[in-house]
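I have placed the structure first, in the form of structure tokens, so that the comments after it can refer back to it.
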Amino acid sequence: MTRVLLTGFDTFAGEASNPSWEAVRLVAAEPGGTDLEVTAVRLSCVYGIALDELRSAVERVDPDLVVCVGQAGGRPDVTVERIAINVDDARIPDNAGRQPIDVPIVEAGPAAYFAGLPVKACVAAARAAGVPASVSSTAGTFVCNHVFYGLMHLIATERPTTRGGFVHVPFASEQVADRAVASLPLPAIADALRAIVTTAATRTTDISAEGGSTH
Amino acid sequence: MTRVLLTGFDTFAGEASNPSWEAVRLVAAEPGGTDLEVTAVRLSCVYGIALDELRSAVERVDPDLVVCVGQAGGRPDVTVERIAINVDDARIPDNAGRQPIDVPIVEAGPAAYFAGLPVKACVAAARAAGVPASVSSTAGTFVCNHVFYGLMHLIATERPTTRGGFVHVPFASEQVADRAVASLPLPAIADALRAIVTTAATRTTDISAEGGSTH
Amino acid sequence: MTRVLLTGFDTFAGEASNPSWEAVRLVAAEPGGTDLEVTAVRLSCVYGIALDELRSAVERVDPDLVVCVGQAGGRPDVTVERIAINVDDARIPDNAGRQPIDVPIVEAGPAAYFAGLPVKACVAAARAAGVPASVSSTAGTFVCNHVFYGLMHLIATERPTTRGGFVHVPFASEQVADRAVASLPLPAIADALRAIVTTAATRTTDISAEGGSTH
Amino acid sequence: MTRVLLTGFDTFAGEASNPSWEAVRLVAAEPGGTDLEVTAVRLSCVYGIALDELRSAVERVDPDLVVCVGQAGGRPDVTVERIAINVDDARIPDNAGRQPIDVPIVEAGPAAYFAGLPVKACVAAARAAGVPASVSSTAGTFVCNHVFYGLMHLIATERPTTRGGFVHVPFASEQVADRAVASLPLPAIADALRAIVTTAATRTTDISAEGGSTH
């Protein structure tokens, strides 16, 4: 049995819903893998608060695996993030109106942490489930990257046996029916997350597969 | 009972499948509306031949409504085409290696035909089915526009009581799982087509709704 | 000597300037070709009014060639429009707050007019001047297409010896320095327009060159 | 007097030229700032070799400031990179046919290095020069990031008084005249680099300005 903590986010930036939370709920309700115990938690889209909520959830659930999920509106596919960087730099205010500019997430923390997931294997699993997916080399500098970096720092400093990572999902089709922008239906997004969670729960080494970006 | 002819295309441009044909087959197998008799026909992606095949199908099926469907790889949503223009101008060779440049489809035909579908109502219906959709003001100048113009010319000159139009669909997710490009799953594309066909079969006047493009 | 009427547009949609007008002014000030007499006129971004202004300018200038120019924000290159269609369908209000939906520009006018320029030769000339350019098969359904259709209708019905067409230009770099969106510097846009005007003034037949779009 | 080493890259990926090298040459020929001594060096687009060449150039020039420049085809603006990450992951083979997958650049090196440039001030300077520019949070995982990380590691371990960073430039307009893809003319790219080099040479602290990305 693998205990999995899955997190999604509150809505932000004027959207009516957040596909990260909607999809995470679907996965928790029906995880797919037989040996998975999945707890879904919704995080505030607020610098600082989101990390407090994540830490509480980790203490409560005591997970073997943590996968945080966020919305990357405009990306056409599900992206497994490769690296979290030690900077908050908000292009827009968060849900509490905070807009930090070029502030470290952890004072004197390392510049970055690589994800603790088998990133390429997770991408391959999502694709095998029929859902477009790829590796991303930036989670941005907003609350998503903030949570991702905070998670990896927590693991590095306090929970050496927990593995963790971050996945960005596109807009849900239901959310953008009247906007000409890339999207995937929520069930497809949930399918990708199931494949990723199952893969991350069952393998610790990655596969060797193309997936870099030229820039 | 409305007799509907739905057409999709052969694969082209090196793709392994064509979502227009895959989706059209799904709709023909399960049209959704109770008063629809849907025949699906696959057209060659070849200038001239495609129109011969369309004409034969129209004669055989004697449809009340014809909706031709093609792939618009890269578009993020299902697009209902507004207008067909009287020019073949191939950016790539068709499946027979033909590449006409700036040739009229019908010598001395009108410069363009507007679609015979309630375009805005069709878009609204696809959206109501949860699938992103919008109006398009160009079907390009390849075999899709060729078939669309040929269909409207056939209707204008020989079949005044038939209504017809053209719908472009994005890549199917299954087709581009390893490419970071916009897509929708085939079932979602089929849902959109069902909503469009049902709408086009049951109403002849359009709704007034925003849907233009600034350029 | 060829008398040329070049038009640009007022700013719209909240932009601080309109590169179509800025570039047209540069070309009128320095046309490049020795046998060109270029008059630049700025049109209102208002349905109806823009066409009244265009007609007045045509009567005043009595041009051999009319090239109307508009902004296509987001397009990466200079596009020579192939066809104007007989519909006003505003996605946003014009500068007078008008937002027509699916209204013909000319009641009982033809569905479309092809441009009266050697479109492919114009594209080749802009490229030869070092500026990215391509053919476009849609000028949209906003005031740009409105003016383009109105111009071609005026020529078709009243001025058989005048030639005319429409060119869309990208954002000027100066206009979007702080937005990550495609642009070209104004001098490059003006260079492209000079090449296009010179070409349109000196040749009436087009070249045969690839330039279609698959959709 | 500030000694500046500017590097560009060889052509790659089938392109006929590389705007990074073309622009860097223009800047070295005419640096703009009166107190700058700029040396331009062209690096091979080959993992490992490029870093050997960079190290040689640094030893020869003994620069106060190193700005490496690469092509980011498809980006619409000049981007100042924020961070270099410790991984080679090639999507395509480099110019020597090498295609490393998920290999650290420096065994046991830190996960990432932040740029040693005042990134936001550099972006503001390029914009003030009329050239669209923004911050980027990923330099990819190809030879550009390889050189960027190698440079920052060299500085961190051996040259504490040298400052360094990386700038990605879009396609040059001359390079893509017949492709509908974002570009800027070479002189505009060179103008942006001049503004960036002058800024980086004259200030060590950054400004506080928006420039993050939500994902």
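By letter and in written order, the chains are A, B, C and D; residue numbering begins at 1 in each of them.
Note that a contact is a pair of C-beta atoms (placed from the backbone, for glycine too) under 8 Å apart; a residue touches a chain by one contact, two chains touch by 3 or more.
Model, not experiment: these values are computed from the prediction.
K.L.:
Centre to centre, using CA atoms, which chain is the farthest one from subunit A?
P.N.:
It is C.
K.L.:
Compute the distance, rounded to whole Å, between the mean C-alpha positions of subunit A and subunit B.
P.N.:
Between these chains, centre-to-centre, one finds 38 Å.
K.L.:
Distance-wise, how many Å sit between the C-alpha centres of subunit A and subunit C, to the nearest whole number?
P.N.:
Centres of subunit A and subunit C (C-alpha means) sit 46 Å apart.
K.L.:
Just give me the whole-number Å value for how far the CA centre of subunit B lies from that of subunit C.
P.N.:
Measuring from centre to centre gives 30 Å for this pair.
K.L.:
Would you give the residues of subunit D that are in contact with at least 2 other chains, written as numbers and ranges?
P.N.:
In subunit D, residues 75 touch at least two other chains, as defined above.
K.L.:
With chains as vertices joined when they touch, what's the shape: line, ring, star, complete or other?
P.N.:
Per interface graph, the chains form a ring.
K.L.:
Which pairs of chains touch each other in this structure?
P.N.:
Going through each pair of chains, those in contact are A-B, A-D, B-C, C-D.
K.L.:
Residue numbers of subunit A touching subunit D in their complex, please.
P.N.:
Residue positions touching the partner: 13, 70-73, 75, 82-83, 85, 87-92, 99, 101-102, 110-114, 120, 135, 137-142, 144, 168, 206, 208-215.
K.L.:
Which residues, counting only subunit D, touch subunit C once they are in their complex?
P.N.:
Counting only subunit D, the residues touching subunit C are 75-77, 126-128, 130-134, 173-174, 176-185, 188.
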